[in-house]
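Two complexes come next, and they have one chain in common, subunit A, joined by subunit B in the first and subunit C in the second.
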Partner chain A sequence: MTGMTAQMTFLAFFGAAAVWFGIVVFRTHSMVRSAIALLFSQTAVGVMFLLMQAEFLGVLQIMMMATEMSVMAIFMVMFMMDPGGMGAMEMTHQKRLSLWAGGIGLVGALAVIWLADWGPPVPVIPGAAEQAADLGRELLGRSMFIFQSAGLTILTAMVAATMVAIVPNEGREG
Partner chain B sequence: MSSVIVLLSLVAGSYFIAVLESWLTHGRFSLTRPAISALALLGREAVTARTPDRLFFETAPVLLLVVGLLGAAVIPLAPGLIITDLATGALFLNAALAYVLVALIMAGWGPNGAYAMIGGWRFLGQFIAYAMLIVMPITAVAMRAESLSTTVIVASQEALWNAAYQPIGFVLFVVAAMGLAWLPPLDLPNAPGDLAGGIEAEYSGARLAVLRLARMVIILVMAGATVTFYLGGWLGPWLPPVVWSAIKVLAVTAAMLSAGRLVPRVREARYLAVSWKLGISLALTNIFLVGVIALVVPI
Partner chain C sequence: MILELMIALSVGAGMFGVGLYGALSQTNLVMIIMGVELILAAALVNMVAFWRYLHPEEPAAQMFVLIVMAVMAVEMAVGFGIAIARFRTRGSVEMEEARELKG
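Right, the complex of A and B next:
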């Protein structure tokens, strides 16, 4: 019972941390701080996965976000005129639209949480190694088509973006 | 108990690296030099730059050290001598090491100085180059072991070490590991003689001591990972397992530290180009070959 309570406490703590860092993303003036705050918000979600005994998903989430947010940070620094927030840059734009979009998203998420048929809780949680194996079978089984098409789409987008971005200059290294 | 032993070996190993590095750099072998330098750093005034991003500046060295310790947590030194034997150990090591990048970006951005910032962003470029070459060779290692647990990976090399079983992956991993620990010739983020210390430029006193210690731990973790994934971990005849682990880790560390001194520093654009055009193709070939061998010959 105490184990359960400790788990719930930590889950609540990291849930609150995820929300708090999410708020910090918009409260800060610095682009880099904003990106790192988003990273820590996502890391907190990864820790929540770990606490819910989904080891593989948690570790994967924690790993992927570090790279993604860092790459995002450098793009933000490159394209923004005030990346360090020295001029007290505002992080929110189109407030009315964002509020509506956020509100509708929240209502939608809550509706899904309450209305979906989640089924009974899993009686026995499979071990971490077994979970990874199950996930592998799922990805190479019925979910293969979805994942392969998503992967191909992302690859196409990456190639296209690179094609658009590079300067056609023959004989230039790098 | 095993946590204490692992941590003590980390301390001893870091000291060994410090001795070795100063020997290789300054040409003088001294067992006391790192201790004196560390004491001097701790006693020195810690200067901060004007208008730093204080949060990043203070967090970066500590985060780097924590990342190194987390990485060390899944490296087995002997059967049962591991801080935590996670079922996803190999992936966890990757996840921990991804935060080396975050810490270095913070260290680069935090002090509000040009050299530091260039160093930090350079490391991001370097990360793009080495990241896939850490993950893809590990994938092939996990394929052979049919597990992500580091202890199972070591046990899978009973008959033949992975360095012989998948030599392409071994070479790719060692080079990428040197990139991750920003060892010469891939020491772009601090680049002595070029960036005035880069990410270390604005750090002084105790903060610099923590930053340097963290880097020693990361070098040690990368050597430990190489031994675990490719050189049979604790496996070996006659001597006890722990001794084998120690010998192998220290040998890999020495090889990594000295090899870099013989080649000129690589530019980031060149490193990126070679890593992606040649490295990733080789890594994919390695995965394919390991897959075929694993299916055809059961070793």
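Right, the complex of A and C next:
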């Protein structure tokens, strides 16, 4: 019971951190700080995975997001007119509509979560090694086609993104 | 009642709300991508929570998480490809200025 309580406490703590850093992403004027806040938010999500005993996915999430957000921070510095946020530029529009949409999405989801009957808890889950082995068997067995499709999609997206990025101005302007 | 599941799902709901606000309110393409990343992270939290507290015996749930991670990578790659193309042709990635396709 103590283990479950500790798990719940840490889950709530890192969950609150994930949401808080998510809010910081859109509150700060510095774009680099936004990227770092998103990195912290995604890392908190990765820690939540570890707390939910999905070790492989937790480590994967933290490693993937660390790289992804570093790339994003570089893009921020490259593209933004004011990456440091010194000018405190306003970079939002339709704020009221966005707040309403976000608020309604949040309240609707919370209502479903807290009003639904989720059934009895499952006390025993497979160990980390067994989970990884099961996932491997799943990926190379029943779900192989879906997994290979995901790989092909990533390859296509990489090629497409590169082609979009390198087309010269003359060709695009017509 | 599974309180841990509800906490995890509530975190997902919070991240979804914040991400939706960000994706709709920001004018910069890179910031919009950040909002979409938050929404997808919310989906990841929900999927791992469903796997852990409802169907831990089913590895297909973890496979689904890997697919969403792939979607996140694809979204970022294509988004940044468009950002580079836009920056090359227009000198900015402000979406307020992207009105070429508007009827």
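Throughout what follows, the second predicted complex is superposed on the first by the 131 of 174 C-alpha atoms of A that agree within 3 Å, B and C clash if a C-alpha of one lies under 4 Å from a C-alpha of the other, contacts with A are read in each partner's own complex, and residues count from 1 in each chain.
Basically, contacts are C-beta pairs under 8 Å (C-beta built on N, C-alpha and C of every residue); 3 or more make two chains touch, one makes a residue touch a chain.
No experiment lies behind these values; they were computed from the predicted model shown.
By the touch criterion stated above, A:S143 is placed in contact with subunit C alone, subunit B being left untouched.
When the shared chain is aligned, no partner comes close enough to touch A:A6: not subunit B, not subunit C.
By the touch criterion stated above, A:L152 is placed in contact with neither subunit B nor subunit C. Contacts of A:W114 after superposition on the shared chain: subunit C is touched, whereas subunit B is not.
Of the two partner chains placed by superposition, only subunit B is touched by A:G127; subunit C is not. Contact comparison for subunit A: of subunit B and subunit C, C touches the greater number of residues. Touch criterion met: A:F56 reaches subunit B and subunit C at once. Subunit A residues in contact with subunit B (one complex) as well as with subunit C (other complex) are 56, 60, 71, 131, 173. Residue ranges on subunit A touching subunit C, taken from their complex, read 4, 7-8, 11-12, 15-16, 18-19, 22-23, 25-26, 31, 34-35, 38, 41-42, 45, 48-49, 52-54, 56-57, 60-61, 64, 68, 71-72, 75-76, 78-81, 91-95, 97-99, 101-103, 105-106, 109-110, 113-114, 118-122, 124-126, 131, 134-135, 137-139, 142-143, 146-147, 150-151, 153-154, 157-158, 160-165, 167, 169, 172-173.
Subunit A makes touch with subunit B in their complex at residues 30, 32-33, 36, 39, 55-56, 59-60, 62-63, 66-67, 69-71, 73-74, 77, 84, 127-129, 131-132, 173-174. Contact residues of subunit C toward subunit A in the complex are 1-22, 24-31, 33-35, 37-38, 41, 44-45, 48-49, 51-57, 59-60, 62-63, 65-67, 69-70, 72-74, 76-78, 80-85, 87-89, 92-94, 96.
Subunit B contributes residues 53, 55-56, 86-88, 91-92, 94-95, 98-99, 101-102, 105-106, 109, 112, 121, 124, 127-128, 131, 147-149, 269-270, 272-273 to its touches with subunit A in the complex.
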